[in-house]
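In the two complexes that follow, chain A is the common piece, with chain B as its partner first and chain C second.
== the complex of A and B ==
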């Protein structure tokens, strides 16, 4: 492992953007069993942008509620605390990295599309196998490649070398990362998740989305994100930075017990929802 | 649209141009669907050719050729992309589904922007 680069990342990780104060406050409230829907609603409505986004999201076909929801309290009651936290996390993460970096702007945008595709994929797979907390899957999918963004921001030159190697030899990005940097984006993603005090489950999924069978008690979640990653690459929803598809982990596939004929429905749902939700999350109207 | 010999005319075909006699008398208007009876009338007036709706065999086979080429290039790109994760029955299936979807996505786009190779 090239410890010089990793040390540089660790040192710089102190400079990594923190989550907006409102989101941190909301996170605390959600973790506190004594909080009420009104407490949460008060914090959210203090922030106009979050309020508008939250209402847009709950009224999108992503949730498909039959009637429109016009108040934050209404949204909280319908979706629950955890879901609200995850939604806000989702939209804030998009802000954190937008327009910060010019050298790799094109890759940056495609990577976000890929992340969004993976998030939607994870959510849809979760729905088909009746996983309970699909918002968690959504956030995991969205953040699964965040390590690549961190590399892009903090190691721009080595990152260019990684991209060149990917292009010249047409290999997976993770292979090129190990060759050039000596480590890869799953480890970096985990470091960021720890810095942000995100739940252990989430940092675990980020760390093992390429080797879900090693994710221990979160093997189910890591397997879902692993499959979603493969599926959204197969239908070109954005780009993970390379033009290859990772190996399907056999243990992950067997664990999920997805029938091959369901795959077609999952992929079609992904295509449809991707085009539907893109504008909601990125705020492009 | 197609110019056909009256001998090839069949009931159900739709005229895209009006049919006149040699003396410029209108026999049938554009948009009329041909029946056995009016084909007989056209024949008795000595009409030899008519314009009907449809796609010529030439442009149809050109179209089929284009679509086959499209599918070939999609499949080729997918094979390269999946090269490291094959052979695996599940990945084969994912590749097949992705191929269908990418083709459909392309043809949808083409409807709005005209045919271009991917």
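== the complex of A and C ==
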């Protein structure tokens, strides 16, 4: 049963929602050191919706940019190539969350809020500890529970069992997943990240956001997302599908060296920014 | 499915292409990372800048480049280097424009290289700002002016600039830390020397206090007998001359020993209210009639509202006298003597501040090799036989006795400054 489910996912992963071609192409371009800002901008501007969304995000409070940026090349050379890739990823991920499947509509929407909250949390924690690539943290936070979406889409019935188990026994989703499916969303998330050719760092963070101490060289990033996840749950920003808060990983907490009184500021910033950014990414007001 | 196959083909193609360019890129990074080993930690910022400027020139085509460093005290960005030097003013105004519109602080906060259209340089120039930051601090920023269009910039260019900036910051920080350590080490050494000096003087003091008293007694007896002999009527010319020489020399011994005694007598002198400014004017008057003093310009800068100090007038008078006669002797061909007083407020609560008295001359100066010895007893550079070499050590003793300090700064052929500080806490209530 267990491995059968996983195999089903693996088999079906070919049919998983792909990222927009533009984003895949950009990802490739960014992996090539010889790509120029023009190369990147040509691909982006081909997609008008993406162009508008990107400029909106770049000019949002996410960056607190003192002047408005009106061209894509301008945005690329100001923010850097990686940052643009991650921003594009951010704007496209929303489409994946947008609900096409009625069965778990409620969870679906709450999961989006939770993911966005975690993304913002990761970004804010990153800013506090002066981590260099905050867009990367943002995307990692946004995608950290993407495995749950995949399960929802491809194993709707076992997923219902998982949800029932969570509800009846008030346990963590990851515990129920292992019990029902034999695997959990971090592994599925990692598989999807690999399929999308996302950087190893990202797939690693997705895989270990529940056990950041095992993330190897990306322990810092995994710890940040781990903490952001927990903070989101503690302030009820969306829902990860369950009502329990996972234990804070001791090693991750010690690694980040965040003073407890700073946490309060982080949480305040998270709540404020959540409303600012939600409309920018979703286009909803 | 067709879409995926398509994508995979493209992916495979770019992978081959990437390998070559990635290797090339790694080579460049390797070169940059070796810069650090080429630069000695003792080299100054100018030297480090030269090395990095070269590396920037090797990496991209530039029109010009400027370095701004954060001033440690004012925290302002100061233009430190510009290449070519002619663009210095334009760079300065470019930075000012960028600061004004908020871009500058935005880029510094982000700590990453960024490109923007220039606001000052004409002909569509692009500027690249490279923040120089380390984990601990912001060191400065590099401004690069280039004709390369922003859209032609590659990922590689950006990454290389970022790595260059990182390397440059690390090397500069190391060098700055080294400098700071060196300075602190020197200050510590200086302080240690001062303590040694004070200890030396104190032990000499204890020794001489006893000895001088013992010497003065027999000296008085000898002097008395010489006077008695001189009163005898039957002395011939030669004997009188001999006795006079003896008397003079005994007088000299007693002067030396008296000086020693005063120097060593650390306390016990009674203190009264003293107006330092009056005291200085008083002592200067003593010199007015001297010919040697005539071609020296005297400048008095005495601040009116000095607190009245509790001090020993005679001892201080003596110190000022010594300061003034030393200054006079240092300017045999004339010069300027500046005497100034001021009140120095205390930095901490346990002190009421200081009265500072400065004696500045434009004389010969004190050679560096002897400046440590000038407060030693019997040390003198003056050839005259009337000099005991006790003046400064006596002054040192008196000032110490008042809880103050005396420091000297001197430059050969430029002049010497003695700075005396007396604690205001000794002032009358």
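Simple rule for what comes next: the second predicted complex is superposed on the first by the 282 of 285 C-alpha atoms of A that agree within 3 Å, B and C clash if a C-alpha of one lies under 4 Å from a C-alpha of the other, contacts with A are read in each partner's own complex, and residues count from 1 in each chain.
By our rule, a residue touches a chain if its C-beta (ideal position, glycine included) is under 8 Å from a C-beta of that chain, and two chains touch if they have at least 3 such contacts.
Just so it is clear, the model here is predicted, and its values are computed rather than measured.
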Item to check | Side-by-side fit of chain B and chain C on chain A, or clash | outcome: fit
Checklist entry - What angle, rounded to a multiple of 10°, is defined by the Cα centres of chain B, chain A and chain C, with the middle one as vertex? => result 80
Checklist entry - Taking the superposition as given, does A:41 touch the first partner, chain B, the second, chain C, both, or neither? => result second
Next on the checklist: One more residue to check, A:158. First (chain B), second (chain C), both or neither?
Outcome noted: neither
Next on the checklist: Under the stated touch criterion, which partner chain does A:121 make contact with: chain B (first), chain C (second), both, or neither?
Outcome noted: neither
Next on the checklist: Contact-wise, after the overlay, does A:236 reach chain B, chain C, both or neither (first, second, both, neither)?
Outcome noted: first
Checklist entry - Quick one: chain B or chain C, who's touching more of chain A? => result C
Checklist entry - With the two complexes overlaid on chain A, what is the closest approach of chain B to chain C, counting only CA atoms, in Å? => result 26
Next on the checklist: Going by the contact definition given at the top, which residues of chain A touch chain B in one complex and chain C in the other?
Outcome noted: none
Checklist entry - In the complex of these two chains, what residues of chain A are touching chain C? => result 14, 18, 21, 24, 28, 30-38, 41, 64-67, 73-74, 77-81, 130, 132, 197
Checklist entry - Quick one: in the complex, what on chain B touches chain A? => result 78, 80-85, 88-91, 93-95, 97-98, 101-102, 105
Checklist entry - Where on chain C is chain A touching in the complex? => result 1, 3-4, 7, 10-11, 14, 17-18, 21-22, 25, 101-103, 105-106, 111-116, 135, 150-156, 158-159
Checklist entry - Can you list the chain A residues touching chain B in their complex? => result 170, 172, 230-231, 233-236, 243-248, 253, 260, 263-264, 267-268, 271
